[in-house]
Structures are given as structure tokens and as C-alpha cells.
Amino acid sequence: MQKVITFGETMIRLSPPDNNRLEQTGSFDVHVGGSESNVAVAIKRLGLDTSFVTRLTDNPLGRMVRNKVREHGVDVSSIVWTEEDRVGTYYVEYGANPRPSAVIYDRKDSAISKIERGTVDWKEVFAGGTLFHTSGITPALSSSARRVTEEAMQKAKKQGLKVSVDLNYRSKLWSQEEARECMTGLMEFTDILVTSEEDTERVFGISGESYEEVAETLAERFDFEAVAITLRDNISMRRNDWTAIAYKDGNFFDDMTYELELVDRVGGGDSFTAGFLYGYLTGGPDKGIKYGNATSAIKQTNPGDLNWCTLEEVKNLAKGGGRVRISR
Amino acid sequence: MQKVITFGETMIRLSPPDNNRLEQTGSFDVHVGGSESNVAVAIKRLGLDTSFVTRLTDNPLGRMVRNKVREHGVDVSSIVWTEEDRVGTYYVEYGANPRPSAVIYDRKDSAISKIERGTVDWKEVFAGGTLFHTSGITPALSSSARRVTEEAMQKAKKQGLKVSVDLNYRSKLWSQEEARECMTGLMEFTDILVTSEEDTERVFGISGESYEEVAETLAERFDFEAVAITLRDNISMRRNDWTAIAYKDGNFFDDMTYELELVDRVGGGDSFTAGFLYGYLTGGPDKGIKYGNATSAIKQTNPGDLNWCTLEEVKNLAKGGGRVRISR
Amino acid sequence: MQKVITFGETMIRLSPPDNNRLEQTGSFDVHVGGSESNVAVAIKRLGLDTSFVTRLTDNPLGRMVRNKVREHGVDVSSIVWTEEDRVGTYYVEYGANPRPSAVIYDRKDSAISKIERGTVDWKEVFAGGTLFHTSGITPALSSSARRVTEEAMQKAKKQGLKVSVDLNYRSKLWSQEEARECMTGLMEFTDILVTSEEDTERVFGISGESYEEVAETLAERFDFEAVAITLRDNISMRRNDWTAIAYKDGNFFDDMTYELELVDRVGGGDSFTAGFLYGYLTGGPDKGIKYGNATSAIKQTNPGDLNWCTLEEVKNLAKGGGRVRISR
Amino acid sequence: MQKVITFGETMIRLSPPDNNRLEQTGSFDVHVGGSESNVAVAIKRLGLDTSFVTRLTDNPLGRMVRNKVREHGVDVSSIVWTEEDRVGTYYVEYGANPRPSAVIYDRKDSAISKIERGTVDWKEVFAGGTLFHTSGITPALSSSARRVTEEAMQKAKKQGLKVSVDLNYRSKLWSQEEARECMTGLMEFTDILVTSEEDTERVFGISGESYEEVAETLAERFDFEAVAITLRDNISMRRNDWTAIAYKDGNFFDDMTYELELVDRVGGGDSFTAGFLYGYLTGGPDKGIKYGNATSAIKQTNPGDLNWCTLEEVKNLAKGGGRVRISR
Amino acid sequence: MQKVITFGETMIRLSPPDNNRLEQTGSFDVHVGGSESNVAVAIKRLGLDTSFVTRLTDNPLGRMVRNKVREHGVDVSSIVWTEEDRVGTYYVEYGANPRPSAVIYDRKDSAISKIERGTVDWKEVFAGGTLFHTSGITPALSSSARRVTEEAMQKAKKQGLKVSVDLNYRSKLWSQEEARECMTGLMEFTDILVTSEEDTERVFGISGESYEEVAETLAERFDFEAVAITLRDNISMRRNDWTAIAYKDGNFFDDMTYELELVDRVGGGDSFTAGFLYGYLTGGPDKGIKYGNATSAIKQTNPGDLNWCTLEEVKNLAKGGGRVRISR
Amino acid sequence: MQKVITFGETMIRLSPPDNNRLEQTGSFDVHVGGSESNVAVAIKRLGLDTSFVTRLTDNPLGRMVRNKVREHGVDVSSIVWTEEDRVGTYYVEYGANPRPSAVIYDRKDSAISKIERGTVDWKEVFAGGTLFHTSGITPALSSSARRVTEEAMQKAKKQGLKVSVDLNYRSKLWSQEEARECMTGLMEFTDILVTSEEDTERVFGISGESYEEVAETLAERFDFEAVAITLRDNISMRRNDWTAIAYKDGNFFDDMTYELELVDRVGGGDSFTAGFLYGYLTGGPDKGIKYGNATSAIKQTNPGDLNWCTLEEVKNLAKGGGRVRISR
């Protein structure tokens, strides 16, 4: 079976229930989330093997992060454990028109930001692997995390894995200049890029008259095997339209637009990446776009970063069909 | 006072809160629900006497089913109790676009599926009754349940009660062929049929160019006193349009279309039936359609199968009026 | 710093969670709310000092009312405490189309309804104050509350404070005739009136071809310094449009219309008043209208009567901007 | 079947979850409770028919009171409904050593306090009845409630029912002098008295060297058919010892002492009364004491005033047996 | 690393929160539990590899069972999946003195009860395994489950694994005679027996003057390698004393008695088995008894069947120490 | 009125509900807590004015800390706000015998640990003040926090305030050697020391044959005006005994021992300090010990660090009285 390895930070995620604002809440719902483990979980649910690599503090919070990823069948045996440092946390406040949702990160000095080159035995991690995935968040965590990201991408390429990257620009972690300098370097090892028009503009200064033009420019400049661009239209806080396009070898691939009744948009991009990679690896870019969109659409209807879809649900949705109803 | 007797299965209903998916939930909200007790509860709330007949296991779950129906004033003194068998359960997962809601039934070998002819003293049950109601779910539960359904309908007719049936086809309980064979037989004892276009097609193979044509065809083929057809338009998982039409003696009766902000659609059809029967028995088909739609619309805005409306609310809504606002 | 003093009743507010109906709920979410303390809280959050005057029974419920207002920094040192009487309560049932939200008041014989002239040392309360605010609810509570409202308004004028009034007609407290007689008298002491077209019609019998005409008529008849009229369009129970206009010295001031995804509409008008008074006092009627609308719009997206906004959020929203999204 | 009729006030009961104090809570658990409906519910669960008479405001709160009593099968058809007045509420704060539990009543001017002689058709209510029960709370609610209590007791006697009274002195409702004057009069119509040593002392000024002496003195002074005295030993807030004795015709009846792990002590006395009356009516004073204690002990282990026991549980417990364990 | 394989049924477990009785609850806390997966989870947490074998219906409930076991790192790759049958459920009602806890099973016709010989590839399952564990519940589920239990035990012995059995008599599943006949046969393949004095008496009719005598008799009659007997003293529903003894080769091993403040006793025996097997396999019977008791004691302080202990916690507790306090 | 100023760190506190372990929880209850604000809140509730000084990040978490302290009437106008750094958090896991409660701190690099000398205008803060209080936690946070603690104590002495210190040794923040070196220096400015025997031994290496001897040794070595030593006996996780003694001018003061049914022991020591200081300042050491113990005992019966007592409750408890019961 094909196997996807992802690398990044996963945090404890705290969100007030019932549309309460952060400042007023008397309780938090607890989830775990992080771009790369979100991807690993969703790909595993669709049917490929996945392994998630990170560095975690060995306390109940760190163990919870591992547990919640392992619950879905992701291989967590390559996680690096430490008695030091801390587990990052973040707070999600759901919005409602006209108040936007908000995220507060409290992730500084987390265990993964202190990871060092040579800590992970990448050779063993990548054995039998098909693809290595990470995002632009990981190298932004710290200079040592950046060095390890580079190390991982290099070794993945060397061991014959494809490498995919979600550009995922986070202004709270680094400046556009820092991101550009670092990510431009990492594109050398990248085969597949998943991004949004906005992040492309902010990180690479690339824009265009159309999504297609942006995708093509990216693919040409960095010699990518494939590029996917996600398109989210924020109708309101509870209603978004979602679709994406892909570009490969001069061809464009698109799909229907999903009208989403949002339950939790966080992790929606990661589920797209997961569905896209699953479809791409098992059928090519057209399947990738269709499965990416369907996987993302389903995710955005359940609380938490993680996707609880089944392959059958994704298949049915990707095939389309009429208006939704109850199944009984 | 007029009295309506209903007969069928009521189950413990478990649903995850806060749009959680079934597989991810850490708790279940507990309700009870079943098509025929849903009808009995709503008719009682509107003002007629009702009695509900079923067979239940005498344990806390069975007693909860009885209690929650009795809480609304339904007469539960004719319920058959047993130390054997089990209380059926079902799981409701609320959807959000584009993910549909889902229902998982775990009702096999429930106490009512083991009911036998001769167990219920129908003569006593029907004494003073106006109308007997059941649905296509009850005979689908088991062959003995089918025999008791037939027994009840026959005796009801014999004792001079009207008989109404909600066609309610459940593909998880029997095939279309089984349903057709059985339900066709039962139509002989049926005065009033409530159904949807889709169920009519699946069970009787009857379709038409319009709802009206379907209603007329049904009424003629089975010589019904009246037919009502409900029309639900699934705009999205949180937004449905709802209306219904009735046919009687060559005349059609329709109503405004309600734009529903769905809280819980399960039981919406049963509340229509209740409102329709209440209106029909106290005023005729026109009142039936108007009260049926209003009763159903209100139900779909509260959690659980059961309706917590008042007669005054239904009256006010059926009369129409402008856009809704807060009352204070 | 400018200081706003408000006077009125604050109650314990009980609302069923998760769209449950009042009659079916197994728990209540607890908030505190009252028009005038809602205003005091929101103005304080925007940056002016505020003091809230009321009369409360010294038990855990009365202390909760004080605490929840004090939590936001409102000065509660002028509250009058008693061992007698009771703390008013009210129940809020959230609606969903086509079922309207409903409020049940249980406020009779509350401590503030027994307040007597001479109890509050208004001279001290108003020392250093800029504006005194109350609403049409306060004098409707009892004849003694009416006398104290009059006393307060007179003394405020005498001490050089501006006086603002939210007309806030409550049909459950008094008839239109009683309201007209009383409020007409109180307008003599009023500089700024906040109201809706509907309340203006019901209390003063004033209507017009347009909101502007109504505002102008009011200002002229009662010689107001400024008038603000709020305009809520009830698209559905979960979707409202909101805006307002102001009139001052022959000029009209308006603003964009907010498309609200309602979490809790109760207190929305009070937050408008707070934002309007804040903007008016710190910049004039144009700023008043823009801040009033933005403050109100944000409030309607969180549970409870109270607003948890920040000045920065209100500023950003009032400045406008594109479609909302997540901030991270 | 024997039938017991009870008469009194039932209120909405609000209690903070998880040992939160009233002043700090963000939610309330909702129950209904009142001494006489607590008795009616528990007797019905044990197997006799019961009817509960009260006066309620016809709003969601009043309907909830009726529903929650009806849920257990109590006949609520004699409740008097009004559009006026209010439904009483009370707040229960659970204690933990050394902090006592606390109850705040907000019951003034409730619907039942406004009940008038002649409102209830006692003749119909008592038809076929075995015993009428009320408590010292009902006449303490208001002078008209006192008159109706007297009316009911007189008519019950006249129609041949036994009358039982739980002395239940509430210092927040009336003084010891008022209670003495009123209750002494009502003892004329009383056959069976349930009380505690403490209430006997406060209301009748009767004390003694032993519980037995007190019981005997009571029985002699008022010529009772039977007297029961409950004995609660407050080891701590979570641990109480409970037993009771009865006196009849010169004989004493006692029972083991239950070591209770308290979940909710409120309603424990009412469940004793219910079990005692059930046992007394179906077997005599010895059975009464044993069933009273067992019924009370079970009640004190579940949240809310109401008892959810079964006759089988009470029987088993009353028979005694070794240390408790899990049943599976 | 040593590996333990367990085989049995795991169910969805539903329990009312806050000491509510089953009949009164409005929600259920959701856990998964089953004797053999409880053992597998706890042994894995202590540090050995474990694999759990069962048969599950492929729906959200079956997947939840698998997820919750996998969350702890148990290998679930040998679970047999089916589209048929159902996932068993059970209901746990927590008691409080004098009301015992209660369990209601609704497990009939679950997927594992329909398992057939030849379905599981035991050869592959047992490859590299150290010990196979099951309990007396598994063969009691159905005759086919009994045949597969026998098959598994035979094959385990053949492949050189030790076999341990927890006698675990369940009167709701079979009679003492059925249990005796079946379990006596299975003892032929059993090396290690974990049981209680009560189950030994009920299943094998073996009793004695002391625990030691019972253990010795068992070991001799069935030629066991080792026997462990657990001793629970039900002081009250919230307070139990717990200890155990072991017998091996003529020697007895005992330990301190733990005074437990029970949060959830269900699964306490399974955690003893896990700790005992872990200690026995890594150090012998003395370590087994000490780790068994400590593992069990910790488990009984958290909700749910599953243990969330760490090896470090168990070690520290097994070493003893003074009175507990807070660690900070 | 006397005024007490306290200085230290307050954190967001997260605890799993219902005895769940940290690793298994799906939600957190949210409180705020910190030794010095706990003291300020409880003293304010008893009736003295209090002001709390800290440094907080201006985000929803920092504002929540301020709000929850302000809710009780503590003056928060001297809090230093920053856009930088973070708000500390900590996690509380409630234990049950034999599993101890556990606290995980995640407070590194919080805003207060970055506070610098000269930031707080102590002169203004201390104006009109009676006593300044801090604990051994504050100087342990960072070297700059240590310098500011020293600065504050010096200035307090200079402005004529008494200074009290709770020794509060936290091994997770610094070593015993670091604590000894720092705290010995700070004792120069200390008038009143509150501590436990254990902390005295760890920080100052002072022990004795009795509590009295330890208190006397402390007072003499550091020339304290008064010393209080708290004595907690950990009977079990849910049952503690609590008392304390004081020493002043050669005299000892003691009190009854409270048998606590623990709801939440965290903050119990701080409430003792608050009650002791309140009693000491308003009546002397004897009142101090009695009010300290009563205030602490009440606190340990409600969730969260903060005390919700009233002066009346503390008075009643300090006066003693028989066994507890319900008040109604």
C-alpha cells in the first residue's frame, strides 16, 4: 500500500461552545489540530497508510495529541518524545456575520520548535514511503525547525519519495520576506504545491488574471509536477463556497463549487490537501481535485480540525448527485 | 371528546450534540421517537384525546419510552409489557451541506416485533375511539407485527373507527416488493392516506405529472376518503421548504409554503399527519392541510421527534401573518 | 474621562440551550440582562466610564446581577441593596423560522419596582457625569419607579448632564395610553431619543412616510438635540438586516445595512444605543450612527444580553471592509 | 385500586451543576418539585393511583410542572389553570462540608397562593379516593390557600377519605405562632401525621425524652390514627443517616438505619411519606415504616425532588440484604 | 517486545451523567468497553505490545469501538469487519448508597456472536505473541463464539503462547451449569486464571475457608501455572476496598489493600488482569499482584472502562508511599 | 476603609469535568487563578478594599483574567497591559483515592515574568493602602519578577504599609537553594508570614517538634510581627482535615479542625491567607485564625480557585455550631 509521511506541529485546540466569545466562555471544547497531522488523518481515513512525525512533550497534553492522531490509524511510532518544552495550544473563536472567526496561537517554544537536525531517523521513517508532505508552517516555527524541514525534504527526495508542500502562510509566525526567502529555497525539493491565490501573492509575489494563470506561473517557475489552488468564497461566516483547480503538464482540472453550511472551517484546507493527494496518487489530478473538494467539504461540516469522513462518503459526494436529504 | 388511537414502535433515540459526527461524539442527547407515538403526542397537544399502543420491555429504557409519551398526556394504559426482548434504539446524525443527515436503526428483535395476534384487547382499546392510525413502518417490523397491524385495522373498521395510514416506506426494513404486497392489502381498511410522492412511487408504483394527479390516482385506486401528500424541498441541510396538499371528493386543498430553518427534521412528517388529522377531524380537509403544515413547521424547529407546540401557536401560524419577530 | 450613568432593572435571564423549547428543556443557560445595564456595559467596553444604578435584593441572584455588570468595569457602587423583595427573572426561548423567539418575564415586585424617591443620592451619583440614560422600561415597572425615573431625569438636567432615553415600549408592562401619558412628560427632560418606528407609533402615535420624517417630527415636537431610529428587518429568525439613522439639527445620518447571522438578538438595541452614545459623545451623530450599528451588529453574534466587543473591533467594522474571513 | 389525592404547590427548581455555588453558576439544571406532588409521584411509582391538585399559570413553566408530574402517571386532570399570576421557582445550592446546602424560594404570589374556595370541585376530585394528603406548606402560602386547604380536608373527611398531613414547617413562609394556630385547627381533620421531632417542637411545642414519647404525645393530643417521625442524622453534607419510627394504637414500629451517600436530599422526606402511606395502606404501619425508609433512601441518591424508584427496588431494599454491589 | 493478544466483545457503553438514573436521563456519556479490550488497552499503556481481535459491524459505532481501542496503541489490524449484524451496547447506571449500580446489556446478536471458526487467521494473529487472553464472557455470547474461543485457545497453545483466562461469570448470558460445562473444557488450555472467589464458587463449585485455599484448589484441579483471585469489599457505592492474591508453585503472593474513592468501578477487574499479566510477564507473580492492584486502583478513579494510567503512575503506587496529596 | 494590595501572576486554569483525566477529556472548565489574586478576591468579599497588580497580555485571555478578578470588586486599574508575551495557563486534574490530584503549569514567558522595575507606579498603587501581600511564587517566576517583587516590598515598607508573604514554595519554578537565597532576603521586608510546616522546612530548613516551635523559630529568626502555619491532613482525595495556628508576641492562637468534603482544594491556602489577613487587620491574630480557617474551609467546597463566600457565612462558620444541615 502507498504510504504518506507528514511532518509538522500538532497543538491542543480550545474552542468555546455555542458561539460564545473567548472572553466570555466558561468551558472549552478540546480538539487537537495541526496542518500536517490533519492531512495524515484524512489520507488514512481514505485508505492509504500514513505516518506522522513531530516532537512532543511527554505529558498528558502531548499524549493526547498522539492519541487523537493514532485514533484514526496514523502511524505515530516516529514521534520524538521529550521531557522538556511544552505542547502548543491555540484558541478558536467561531464567528457569525459580521464578526469574523478568530484564532489565537500560544505555540511559542513548543517541543517541535526545538527539534534539531539528526534527531529523526528519516531513513527509517521514509522506508517504503510514497510521498512526504509538510507545510509552510513547519519551517516558520523556528530556525531549527526550518533546518529539520529542509533535512527531511532533501532526504525524502533522495529516497525517491515525492514531496508535497502546502504553502500555508501564517503572518503571526514570520514576515512575507522571511517566508519568501525560506520557501523559495524549499521549492527546489517540492514536486506538488497546494496553495491559495492569496498565499501565492504574499509569499512569492505571484499573481495573475486568473487562478489558471497563477497555477501555470507557479508550475513553470518552480518546475512543479503539479499545482493545486483552493478557492474559498466567504459568503458569510456560516456559508462559504468552496472549490479548487489543479494544473499538471499544461492541463487544468476543475470541479463543481460546493455550497457549504460551515460547522468548522478550520482544517478545511488540510482536508483538501489530503483528498487531493489521495486522488492524485491513486488516479491522477482529475481525481485529485474531485476527491480534494469532497473531502474538504465534508470536513467543514464537523467540529474540530480532524476529518471523520469515510472513503464511501467522499466517493458519493465526488460523483455529485442532487440535493441532499436524510438517509434512512 | 374525539379520540385517536395509534399503534407502532417507539425507540430510544440517540443523537450527538453540536453537529458532531456519530463516530466522534463523546455524548448523546436522549429522546424517544416513533412515527405513531409522534402522531399521538402532537394530536394530544392540539387538543384531542389520544392513546398509544405498543409492546415494550419493562426496563428503564422501556419505561422512558412510556414516560416521554405520557408526559404529553397520551393514554399509555394499553401498552403491552414484557420482561423479554429489547427496546429498539436509533442514532441520528445531523448533517450540514453538503453532508446529509443520517439515521442508523438498531431495532431488530424489539419487543413490538414479537407481538402476537390476540395480545391486545382491541375491543377495549377502540372503545369510544374516533380514528385509528398507524404507518407502513409497523407491518414492516416483522411478520407477526404485520399480522397484528392487520388485526388492528380490521377491528378498528369493525368498531366504526376511521383508519388512517402514513405510508412511510423504510428501505432498511423491507423491499419495495414486500411493502407493495403488504400495504396494498392494508389499503382495504384505510380511509385516509398520508404519504409523499416518493413513497407512493416506491410502494405502489404510482407517479404522475403533478402531486394532484398522484393524489387523485391514489384515492381512486384504493377508494380513499381523503389523501394528503407532503412536499419537502431540501434547499440545504439547514433550510427546507415545506408544504402539502390534500385531495377529497374531487377537490384539492393546498397552502402556503413554509421556509424552515431546520433544527431537527425528524418527526416533521409525523407532525404533519397529526395536524392534518386534527384539522380534518375538527374541520375538514382545508383545515387539515393548514394545521398539518403549521404543526409540522413548528416541530422542525425543536430538537427531538416530539412536538412541543400549543394549539394557539399552530392556529396563529396557520392564519399566516408577516415576517416573524420576537414576542415580548 | 466622560462618564455615563444609567438607571433601570437588571434581571437573571434563563434560556434553554441548543434551540430547545422552554417547556422541554432540562437546563438553562444563565445570563443577566436589562436594557440600561446592557448600555452601561457596552459603553464601558468602548472606553467611557459608566455607572449603573438599580435596586437589588442582597442574595446570590442579586449579587450575580451586580457581579456580571461589574465584571466589565461598570461602577456599581451606587446600587441600592435591600433584604426585601426579589430579583426579577426572564426566560428567552430562541426561535427558528417560522417559530418566533419568545420572552417570558417574571419581574413583578422586584426590588427596583419598590424603589422610592429620595433613596438614591443622585447628586453624588451624577457628580462628574456627562450623560444620564434610562429607557421606557424603568418608569413602566411601577408608579414608584416612575417617580424615581422622573426624579433622576430632573436632577440630571439640573446638574448639567445630557439625558438620553430609549423609548423601549413593553406591552406586557403597561398600555399604550399609560406609556404615552408618562413618556410624554419625561420627554421634557430628554435631549437624545433612541427608538424604533414601531415604538414611536405605539407610544406617541407618530408615523410618517419615511424614517427620516418620523425622526424629524419627533425632534421638532419634543425639541430633542438628537434622535436615532433603529431599523431591523426580520428576514428570518437566524438572519436579520440591521441599520439605523440619526437626525440632528436638520441633518440626517445613515450607514450601511448589516446582514446579521443572529446568535442572540436580545440586547441588540441596547448595544446600538451604547455605540451611538459613545460615538455621539466622542465625535458626533455621524460617528454615533456608525459605531452604534457596528456595536449592535457584533453583540447580536454572541449569547447573552451583554456585549463582549472591543473598541478595536467596533472601529474596524465601522470602517467597513470586504467580506468576513478568519483572522489567523 | 386505592387512590391518593394530594394538594399543594409545585415549583420550577433550579440548581447549579457540579457543586457550583449559586452566585457563580453559568447554568441551572431544571427540575420540578413540591412536597405534595413529590408524594403523588412516588406513590404512583409504587403502584397506587394518584391525583395531584394545584393551580398553575398556563405558560411553558406551568406546563412543565404538569408534564413532569404527569410523566410518572399521576392524574393531573384536576389542576386549575389560569392566565394570571406566576409559577413559583426555587433555587437549590448543594453543600459540602462544612458548607450547608441552601434553598432560595421565589414563590410569592404564585398561582396557587391565589386559589379561592369553590374553585376546585372536591366532590369530583375525591370520588373513589382512599386518602387525601397535603402538608403544612400549603396553608402557609396565603390566607386563601389556607382556606382552601381547610375546605379540602373537610370535604375529604366528609367523603370518607383518610387524611394525612406532613407537618413540614417552613420558617420562610410563616412564624411558629401562625403555624401553630393554623395547624392545630387542621389536626381536627387529620388521621395520619408525618413529621420530624424538630417540626413538632416548633409547631406544637411538643418535645420529649425520646422519639417514641413525642409520637405518643402527638397521637394522644390530636387523636391520630397513626404518627410517623423521621430521623435524619447529618453526618456531613454527603453522608446522612436516615430512619423513622411509627406509632399506632399504642404500638411502635421501627426499622434499620440507612447510611446514605447523598446525591440530592431534597424530596427525601416526601418520598418517606409516599412509601409510608403506600405501605400503610397496603399492609399497615410496619410495612409503612419499612417502605417509607427504603423509598426515601433510594430517592436521596438521584438528582431532583422526584423519585425514580420501582416497587421492586423498594421491596428488595426493605427486605434488607448485605452490602451493596453492582448488578450485572 | 512481548506481545499479548486478546479476543472478545467490545460494546458502546452509555451512562447517564451526574448520578442521574437511567430512566430520567437526558443524555448519555459515551465510552467503549469490553473485558478483553480493556485488558489490551491497559497492558499497552504499561508498555507491552497488544493486539485485539473481535468482529465488528462496519458503521460509525463499530468504527468508534475500533478507534477508542486504537487510540491507546492497541493493534486492531486483525479485527474482522462485516456489513451485517450490530454493535452491542450496554448501559451503566452509577449507584450511591444504598442504591447499587446497575448494568443493562443490549448485546444480543452482535457481530462477534456470529463469528465462525476459520474466520480469523489465528496463525498470523499469534505470530510473535507471548500470551493469549480471553474471558468467560466470550464463549458465553453464542455457541459459535464458544467454538471460536476454543479454536483460539487451542491454536495459541499450539503456537507456544501462554493462555490466560478471566473467569468473569455473567448470569445474564448463561446459567451456572452451562458455564461450568464450557469453562471446565477450556481450562485444559489455560495456564493462568484470574477470578474472584464468588465466580469460582458459581462456575466450578469450588469454595474454601480462605482465598488461599481456593486458589490452591483451583491450581491443583486444573493444573494452572498461576492463579490470581481479586478481593473487592463493597464498603459503599463510593468507597470500596480492593486487593488480590496470587498462587504459583505452592507460594502465595499478596499486597496492601487499597481504599478506593470510586469514580467508575466498571473495568476495575480488567485493569487488575492487565497489571497482573504485565507484572507476571516482566517480573513474576509478586510483581504481578502489586502491579495488578495498582493498575486496578488507578482505573477505578476515572470514568469509562478504559484505563488512562501511565507505567510511572503504577510503579509509584505499587511502591506505596504515604497519604496522597496534590502534585505541583 | 482598610485596603490590601496584592501582586503576582494570575493564569487561565483548565480542568476536565467529572473526574476525567487530563489525557481523556473532551472539554475543560475554565477558571482563572493565581495565589495573590485569589487572596485579593477573598479579602474583598469579606469587606476590605483590595487592589491587584500584575502584567497581562491584552487579548481575550488576559481580559478574562482581569474580568474574573474585577467581577468580585477588586480594583484592577493598576494592571500593566502589553501587546507582547502570553497569558500563563495551568491544568488541574482532580484525583480520587489512591490517585492524587495533579497540576501542570504552562506559564513560562508569561507577561508578568517579563515585568521590569519601574513599570509599576508603586507610589500611586500604595497610596492609602494598609497592607501589601505577595507570595513566594512571584519572585520565582523570573529574575526580573524577583527584582520587581523586591522593589514592591521595599516601597510598601517605605510608604508605611505592612507586608505579608505566603511562602508558597513551588518546586517546578525553582530549587530549594534558589528559594532560600531569595526568600531569606525578602523576609527583611516582611511583617507577616503565612506558610506550612513543609514549605518552612524546604525553604528555610527550619523544622521543630511541633507547629508551635516552628512558628516561634520563624518569628524569632526573621523578627516577624506574626506567623501563621496551615495544617492540612490528607485523609483522602475527597476528605481533608484543615486547621491552622498563629503566633504573635509569644502567644499561640489555634482553632477547631474542619472536616472538609473537598470539591476543589486549589486556592484553599490563599483563602486562609485572605481570611487570616482580614481577621488580623480587623481584630487581631485570634480572629485571624478563626476567619482564616472558615474562609478556607468554605472555598474548598466550590469549583475554581476563587472564593464565593460572604462575610456572614464566614462569621457563622467561625462561630461554630452543630452539624451542618440544609437551610430553608
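Chains here go by letter, A, B, C, D, E and F, matching the order in which they are written, and residues are numbered from 1 within each.
Just so we're on the same page, a residue touches a chain if its C-beta (ideal position, glycine included) is under 8 Å from a C-beta of that chain, and two chains touch if they have at least 3 such contacts.
None of the values given here were measured: they were computed from a predicted structure.
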item	value
Most distant chain from chain C, judged by the mean position of its C-alpha atoms	E
Chain whose Cα centroid lies at the greatest distance from that of chain D	A
Separation of mean Cα positions, chain E and chain B [Å, integer]	44
Per-residue multi-chain contacts in chain C, two or more chains	17-18, 21, 23, 26, 29, 67
Interface residues, chain A side, partner chain B - complex	17-18, 29, 258-263, 297-298, 301-304, 306, 308, 313, 317, 323-328
Residues of chain D defined as touching chain C within the complex	14, 17, 21-23, 25-30, 59-61, 63-64, 67, 86-87, 89, 91, 93, 104, 106, 108-109
Touch list for chain B against partner chain A, complex	18-21, 23-24, 95-103, 105, 170, 172, 233-238, 265-266
Chain B residues touching chain D - in the complex, by the definition given at the top	67-68, 70-73
